[in-house]
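See the structures that follow.
Note that chain A is present in both complexes that follow, paired respectively with chain B and with chain C.
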Partner chain A sequence: MSSTLLKCLNLAKSVRTATLKSFLTAPKPQWQVWSSAAALQTPHAQMHTSPPRLDLMEFFDDKKHWSENEVKVGRAWRTEELRIKSNKELHQLWFILLKERNMLLTMEHECNEQMEIFPSPERIDKVKISMKNLETVVRERNKAYHLLETGETGERPQRPVQNAFGIQVNYKSCEHVLPPFMNLKWIKSRNIGFGGRAVNRFLLKYREQLYNAKRKAKNRSRNEVMMILRRNPNFDLEVLRRKFPDVNIDKLRNDDKTRGHFVPKVDS
Partner chain B sequence: MRITQYLASKLKNFSNLPKEYIERSKKQVYWQTPKEINYLQRTVERKRFRYTTNRSWTGQFRQQNMPGTCRRHVLVEPVEEWSFFRGDRIEVLVGKDKGKQGIVTQVIPERNWVIVEGLNWHYRKVGGEKEFPGIIIKSEAPLHVLKDIRLVDPSDLQGTEFEWRFTEEGEKVRVSMRSGRIIPIPETNNQTHDYKTPNAYIEREKDTPAAVVGEITFQPKLSTFEMDIMEEMGIEEERTPAKSYWY
Partner chain C sequence: MSTRWYPIYQRGNPQLRVFLPNFWMKVIRPKEEQPPNIVTFSVSMEMTKYDVRNYLEKIYKLPVIDVRTRIALGETKRDQTYGYVTKKDDVKIAYVTLPRDQSFIFPEMFAEKAEKQAQEEKSLDESKAGFRKFLDRNKKRPGTPGWFSI
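On to the complex of A and B.
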């Protein structure tokens, strides 16, 4: 991997790498660094490059970017880059990303209000991707710990259940004080059966809809193959077979519809 | 190694925009059910877009796909392995520039198109108003990759058919059918809107330097993320949670 591909988005608002490093070396609890007022009162204040206190203006981008058409930034953090970072750094990065996301969403809203162009809206997506990847990495670490210690993932348990309409939905378990056999309120709330004429009629129509969607998709892909073969008589059939596995290409090949009502114009 | 090479297309995304942004920018949601338990989640949105030489995150694209409008379906033949890259020298097989060679400047895989520098062009009038007749500009029309162009063999600069083969090192390359020479993928393919080469990228204000990104600070430890952070911050939890049931 080339080194520049590794250059990526930090997205600290005026918190540079120096800040990140000072976090690492600082022996103090983190909250002192985050709030600049607290950092100023401590004797080690000069060792920190704490973010300038801009109050509400921290929700807005740097003023020099306001009239820009494009604000260039690097790419999002990847999971493999986040996996080699310590928990503490991930925790700090999370808040940096969160602040940046708040700032970008505020800027987007304000630009819409003022009928201005919001420069480089893909920055929001880059921050969101970074946050998603960071969450994935944290979850992986927690899962590993729980699997090692308890043999379970430690995730919120889920199971597929059928709702009042007879449709399968995912039920996310909740934490309760009472065990299930004593929790009458929960038993009543979960005592959902389905049946009766109305539900059966609904299910019939619902399944018909699902079937129709499938049928139409199949017809559409068959028509697509037909049109491709009609226009390109010498098209590679193997490619079509791989691309449209549910279409019977050999049957279509001999079909009148793939030929068309004209002498095929063969590409020279 | 081979399977990843086989699956991944060698075409680089010139815009360097994340996929999520490209999807989000072209999205046209007409109606969406409220996110409540008593609704089956349904979205009514535009599914079919007309792709043109305008990229899907631009205003021109939106103008050509205005909400509520419907344009005729365009047939796009499936192409299994994309083989024409930015910077490739190709020969034009059709049109007024038939037989001429040029360099690919833009690739539009949504329509199996490439745009070749200075070939297959026409005059186009833009900016015409009542008073002002507008100005004439020269613009290149796209060429279809399966029918209108073919690659040029670098050994004799003649148009040639080619196929994808593997080298002994397991790398997938384009090989000229006539001379058996490898047609290398040009360096221009790796250029993006943000940088010409990865090494030439200028670090911006909010970018983390590559050295910091590559630094390994993770120490394996028998604790969850939360436990580790609490330890770092000196938070101690003495309370024992009451018995609870998950169901």
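On to the complex of A and C.
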């Protein structure tokens, strides 16, 4: 990964000139845009462009926010908003978000160092959510493109393999320098059998744990249903069936434990 | 996505292109005094010197002369009661040299904070005093609104 990084970041250049403020917060609702008269005359009047700050102060917040207790910001970008953006716009937005995250991390670090309260820490979460949403959108497009062109998703290939304990795990393939038949170290590493006594004992206990967890969950839901039926004799059974699909409710209704502490009415 | 897992290095061109890098970098206050043109960064653990250089040059458009990195050992701490040892994560520190004529001094961000806080407290005290005055005045005529006065 050495010199390979960021060859194609010429786009980042256009990011500087792009609308920094308008990108950072998600679009305003319509009534806010219409509220100014200038916006009605020229549709681009709301576009706020800030000159690029070509120095290290990009890693720091605005000076006016330095001693604030709270910094008000918009919400994170949603996937449906990002889906209508072009690839170029998404690429620009990514670098804006990346810079914003760096800035927030720097400020948070310094605040922690100086034993001060970092104002509005949710900003970091918002940027992270935006980045995650952006990545899902790009991934969707990537997948669609690959499916169209090659018939495969283009995702990282995965396959179930057995690990050293004989338990099935999902293995994510990665590139190797050597082909498998030349990779003697790997071939030797595969020769571990998992039939030994210690492994069997481990597996026994491991499976017991899994079984116990399952059993306890089952008992818990059954008890819950019983208590509900005991306290509310006229409870809607359909709701119960929907909520607890694993519990046999018809059997439980006749159970002694579901009967409340009252004399049942007997129709004469 | 393909740029999220690292393919192995292959010689020749074209090299791997990263479209959406998710490395982070933060400027930190240097522990020891540094020359004015050296900036200390804390960077993603996966980043190499070349990555740091490219990141700053391409994304931040900063002129970079030299980059040196080290991995700072995370602090270990022994628990007071039970004696087990906990360790914080290691961090990668990058020292970036800017051209000789440039200088960067880490800003003091909380110099005005105390002053501002005192001002806020003052206004709060004033409003408290005002309310107390209102209560005193209305002691003998409870329930009357603030505007009802001679």
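Here, the second predicted complex is superposed on the first by the 157 of 268 C-alpha atoms of A that agree within 3 Å, B and C clash if a C-alpha of one lies under 4 Å from a C-alpha of the other, contacts with A are read in each partner's own complex, and residues count from 1 in each chain.
The rule is short, and it goes like this: a contact is a pair of C-beta atoms (placed from the backbone, for glycine too) under 8 Å apart; a residue touches a chain by one contact, two chains touch by 3 or more.
Every value quoted in this text rests on a predicted model; they were computed, and no experiment measured them.
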Chain B versus chain C as contact partner of A:Val177, first or second or both or neither: both
Chain B versus chain C as contact partner of A:Val138, first or second or both or neither: both
First, second, both or neither for A:Asp246, with chain B first and chain C second: neither
Which superposed partner A:Lys128 touches (first chain B, second chain C, both, neither): first
Touched chain A residues, chain B compared with chain C: B
Touching partner for A:Phe235 - first (chain B), second (chain C), both, neither: first
Partner chain in contact with A:Asp256 - chain B first, chain C second, else both or neither: neither
Contacts of A:Phe60 with chain B and chain C, given as first, second, both or neither: second
Contacts on chain A seen with chain B and repeated with chain C across the two complexes: 2-9, 12-13, 16, 91, 138, 142, 154, 174-177
Sites on chain B touched by chain A in the complex: 16-18, 20-21, 24-25, 40, 75, 77-78, 80, 146-147, 194-195, 197-201, 203-210, 212-219, 222-226, 228-229, 232-234, 242, 244-247
Chain A residues touching chain C - in the complex, by the definition given at the top: 1-9, 12-13, 16, 52, 54-60, 66-67, 91, 94-95, 98-99, 101-102, 105-107, 109-110, 113-114, 116, 131, 134-135, 138-139, 142, 154, 156, 172, 174-177
Interfacial residue positions of chain C with respect to chain A in the complex: 1-2, 5-9, 14-22, 24-29, 39, 42, 46, 48-51, 54-55, 58-62, 104, 107, 109-110, 112-113, 116
Chain A residues touching chain B - in the complex, by the definition given at the top: 2-13, 16-17, 20-21, 24, 29-31, 62, 72-77, 81, 83-91, 100, 121-122, 124-126, 128-129, 138, 141-142, 145-146, 148-149, 154, 157, 167, 173-180, 186, 224, 227-228, 231-232, 235, 239-240, 242-243, 267
